[in-house]
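Take this structure, written in structure tokens, and hold onto it; I'll ask about it next.
Letters are used for the chains, namely A, B, C and D, taken in the order the chains are written, and counting of residues starts over at 1 for each.
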Amino acid sequence: MTDTVLPLKGIIPPLVTPLLGRDEIDVDGTRRLVDHVIEGGVHGLFILGTSGEAPSLSHKTQQEFIQIACEQIQGRVPVLVGITDTSMTESIEFAKFSQSCGADAVVLATPYYFPMHQQDLKRYIEEMAAELPLPFLLYNMPSHTKVSYEIGTIESLMKLEKFIGVKDSSADMLYYNKLIELKSERENFTVLVGPEELMAQSVLMGGDGGISGGANLAPSLYVSLYEAAVTEDLREVHRLQHQVLRLSKSLYEVGAAPTGYLAGIKTALGFTGLCSDRLCEPLYEMPEERKQVIHQHMSDLGLFESMRTEGIASQGIKKKSNS
Amino acid sequence: MTDTVLPLKGIIPPLVTPLLGRDEIDVDGTRRLVDHVIEGGVHGLFILGTSGEAPSLSHKTQQEFIQIACEQIQGRVPVLVGITDTSMTESIEFAKFSQSCGADAVVLATPYYFPMHQQDLKRYIEEMAAELPLPFLLYNMPSHTKVSYEIGTIESLMKLEKFIGVKDSSADMLYYNKLIELKSERENFTVLVGPEELMAQSVLMGGDGGISGGANLAPSLYVSLYEAAVTEDLREVHRLQHQVLRLSKSLYEVGAAPTGYLAGIKTALGFTGLCSDRLCEPLYEMPEERKQVIHQHMSDLGLFESMRTEGIASQGIKKKSNS
Amino acid sequence: MTDTVLPLKGIIPPLVTPLLGRDEIDVDGTRRLVDHVIEGGVHGLFILGTSGEAPSLSHKTQQEFIQIACEQIQGRVPVLVGITDTSMTESIEFAKFSQSCGADAVVLATPYYFPMHQQDLKRYIEEMAAELPLPFLLYNMPSHTKVSYEIGTIESLMKLEKFIGVKDSSADMLYYNKLIELKSERENFTVLVGPEELMAQSVLMGGDGGISGGANLAPSLYVSLYEAAVTEDLREVHRLQHQVLRLSKSLYEVGAAPTGYLAGIKTALGFTGLCSDRLCEPLYEMPEERKQVIHQHMSDLGLFESMRTEGIASQGIKKKSNS
Amino acid sequence: MTDTVLPLKGIIPPLVTPLLGRDEIDVDGTRRLVDHVIEGGVHGLFILGTSGEAPSLSHKTQQEFIQIACEQIQGRVPVLVGITDTSMTESIEFAKFSQSCGADAVVLATPYYFPMHQQDLKRYIEEMAAELPLPFLLYNMPSHTKVSYEIGTIESLMKLEKFIGVKDSSADMLYYNKLIELKSERENFTVLVGPEELMAQSVLMGGDGGISGGANLAPSLYVSLYEAAVTEDLREVHRLQHQVLRLSKSLYEVGAAPTGYLAGIKTALGFTGLCSDRLCEPLYEMPEERKQVIHQHMSDLGLFESMRTEGIASQGIKKKSNS
């Protein structure tokens, strides 16, 4: 990544990993999805994060996906690759492979099996950083990794040149506000927020943008909301924020699974015809009746219409599966 | 595993993985450690669990360790191999490899990245079971995996023939008591407890034994306590339990790391000369002054003496590192 | 309490508070319940604990209940009174009132609104102890109070003469084992366990008995189990423990309320005719269909029969409410 | 409260309770503090909340404080009184007493001893509402009460006329955003945020203001930030937000107590001479050396100067206690 693209800014969707079977990538779906979000105006792509179900994919499949995605993106936007693993050796391998495929940066959550203290975490990142061939962002995701990057830890790691920013998915805005305060300590340091429902307010308070999962489906909605926030058009922010919350409520909370967001996004993508809706074990697709609720909600939200207008999925809007 | 060894019973240490460097196995140390615990009277061995730091090792190193350990054990006791991974494909690969090395059973904690509901967990285990070439135990470890095997889930999985038991490391004896109740539903179903401090009472209440980490260091202590419980000699149980609690307090609680147990065991093993004390990233060895506290506590506990008496580590008691 | 009854030992039921309406004590029910448990052989009584719904009762009603219960007990067994409150002043008032009614000791959980550090907790207990007119037990109940009495805190408070023991309801046997270790530091120090499902094993390991909620209903079952454990009759322990677990599963887990235990006990007591089944707000009685499940389970467990045999509730077994 | 003041808006400080000794109110300090915040421009006052240490005060003292505060406020701004208690009877008594003293509304967190399900919580609030003589806000404070008012519960309670708003101290902006969505369902429904660090963004997103603890000390700072947000002056929001975060970091995080915020505020108020810095048991004042850190930070923040300028505490700026 050349310094001219730093700091990273805007909407950087955490790309889902389209699958046809267990550890079998939906290659055509991946190509269509990549094009869809880039044409929707996003400012970068983050592959193999939580939304990408990276930990559930075999190492071989992860590598395959890095290759396909980078190839399809073709440098149109910066590519970030998740390399989080419980093994340092494997993380470094992923980083090297990502570089060889043309990725711009890597993204690193804490190792997610052992609990650990911040001083060990700091040492871990320092040792890792010394071996990484690319700039990296830290990814704060305590709900899944159990361990947070505490503010003091991040502050002390900012002396590492390759460390170019943080993606915070804690949904803890007290924490996020402190990250924003850290931005004054170094140039070109990016602070991105995970939950899309918090993206607008994070930008209004000085944040740089969002890794918004819903942007897999409706990239232009999130891009527009981001721009409204950047241009301080609060009326437009409120209007679009209401749409974001409606989409979130309609698609992510059908059924009670803790991973309802992921199932909702993939189910909805399936209905658009962009790619398969298959999830990777240990997650499973939702029952047919819930899928139909999602379909209905998509209609109510005008998602099919807006996609047709954008001409993106025009070749293949999938029929309702029960018809 | 032939049915004659079922149900598994007794003390089955979760073997640590001796390391010389990152992803570099201490092969000689491994051989000495295996002999040490078998000569100490243990009833089986469990490799590549939490104590074995499996998630921190590269896949290649895990396979190497399976090979070395099985080779050294040579069928003297049953061998259980941890195959837990966040990817189902990788878990199945590990199971197949374990079988090829002569392992007797595999052990499976829940996938540890995504939170999930019990019905998805049940389906996951059923699908996995269909592809496993060996009998398996489920390993309940919510402090590290975030997800428990609930009692109802275990009960419904008991119809799977390959499912031969549970290792419970939740330290929740309300849960453990319910596991014991399940034993009446099927023959040869094993219920083992993780925390060594709870092993005696679990056996007194009808449990089958323990995956006691301290048995890496002092196998005969845990074997004796197990036998006292089995023979209902409560006076001896109290005497040995006091020793177990003293060892636990002296070695596992030096420093405040959440993984103090693991650092304590490896440090102590290092001092015995059995094997290297190196931990695998993201865990790091304790500072020298804490190591010396461990050394002192080992002296106070008479651990050096008892080892000499047993003649086990006689070739190479390591000098105090500051001498 | 004269020193001759120290240390407290055995089964000390946490008496429920029978109610006819909001803040209206079921006086006759209270008298019958007190007699029922004492005739069932219990070794003491603990009133106004969690099972006694003390925090939900007005201060006036709590005082009224202390008076009625002490009057009915008439010194037949030691009486312990819960004085936990978020206000130190109120706790001390309750203690003075308890003394005036003839109580033998008071029981003190941590204040349950503010989180706090152990050193503040220690100071709090020391200041309180200086003003308490009676010996006291500490009551470890982190699921409800959020704050634990850590082992080090308890150890340092053992220098206080009035501090005569601990009731541990954490269900954490690692913690409980450490409490047992503390007993060697002082004479007449009692370590009682809360969850009845853990009572037997706690006694086998050296504990003093249980504050067993089920003993409101079936006091002799818990007394027999306690005696089997004290006399090291493991076969009898297993037989009775199975009954305790069955009772627990049948009565406490009907419906999914986090306070199912309390609703189950009170509903069951209602069916015996001993006292009203009303709970105090914010807890509410269970729906009629669940009550009928409880009634069926009571029949299955032979509880009605055993009560008749003991002649205890013979005057007034309530009819099934749907008949 | 007349409908003309609804919905509540702006900065409504959660008044601390100045104390001279255990359960002894600092009456003069209370009068000065009330005047200080009202002269600082606040839009209302909330007494006997968490910052008011209500649960730690005896019932008698709480009533005394209601009386003194209402008397001093003299209707200059709306007065909200916290009536949260674990006993419904006591809560209702507090509400009646508040009305008799001229309070405008009462504030109700969930009962904080027993965990409970939402349907029981809903019933509890409905029953309570029927007996409350004043409009009420619900106070979401799960870190202290363990139980949240879930969005669905709040939505279903909005049919109650007396229910005029929510104070959310969860610091969960995903939740808060949903509260803002609920505002469209009813006129004059207020959504206030607890943590002062989140006040600005909550107002930018459509919220009504904050129960900002720091406004005890520096009311005009929070009032100015609120106004900047309301008038969409983002540059000013960022400037003042930085000051708020600096104050928060400087005063609330000295020492590691979980209640550092409360100790920090009271210590700082003590240094201004407005009122005593005594906390109510089980909270204790910080050690002298930490107090001096607070004093230094107050100087660095220019707090003494700004107070002199505002002429508020001019009669009695307390000397540094070590001088």
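Here are a few things to note about the model shown:
By our rule, a residue touches a chain if its C-beta (ideal position, glycine included) is under 8 Å from a C-beta of that chain, and two chains touch if they have at least 3 such contacts.
Because the structure is predicted, anything quoted here is derived from the model rather than measured.
Between chain A and chain C, the least number of touch steps comes to 2. With every chain reduced to the mean of its CA atoms, the largest distance from chain C is reached by A. The distance from the centre of chain B to the centre of chain D, with each centre set as the mean of the Cα atoms, comes to 51 Å. If you average the Cα atoms of chain C and of chain D, the two centres end up 37 Å apart. For chain A, the set of residues touching two or more other chains is empty. Pairwise, the chains that touch each other are A-B, A-D, B-C, C-D.
Looking at the complex, you find that chain A touches chain B at residues 22-23, 50, 53, 55-59, 61, 86-90, 110-117, 120-121, 123-124, 127, 143-146, 256-259, 281-284. Residue ranges of chain A in contact with chain D, taken from their complex: 171-174, 177-178, 181, 195, 197-198, 200-201, 204-206, 232, 234, 237-238, 241-242, 245.
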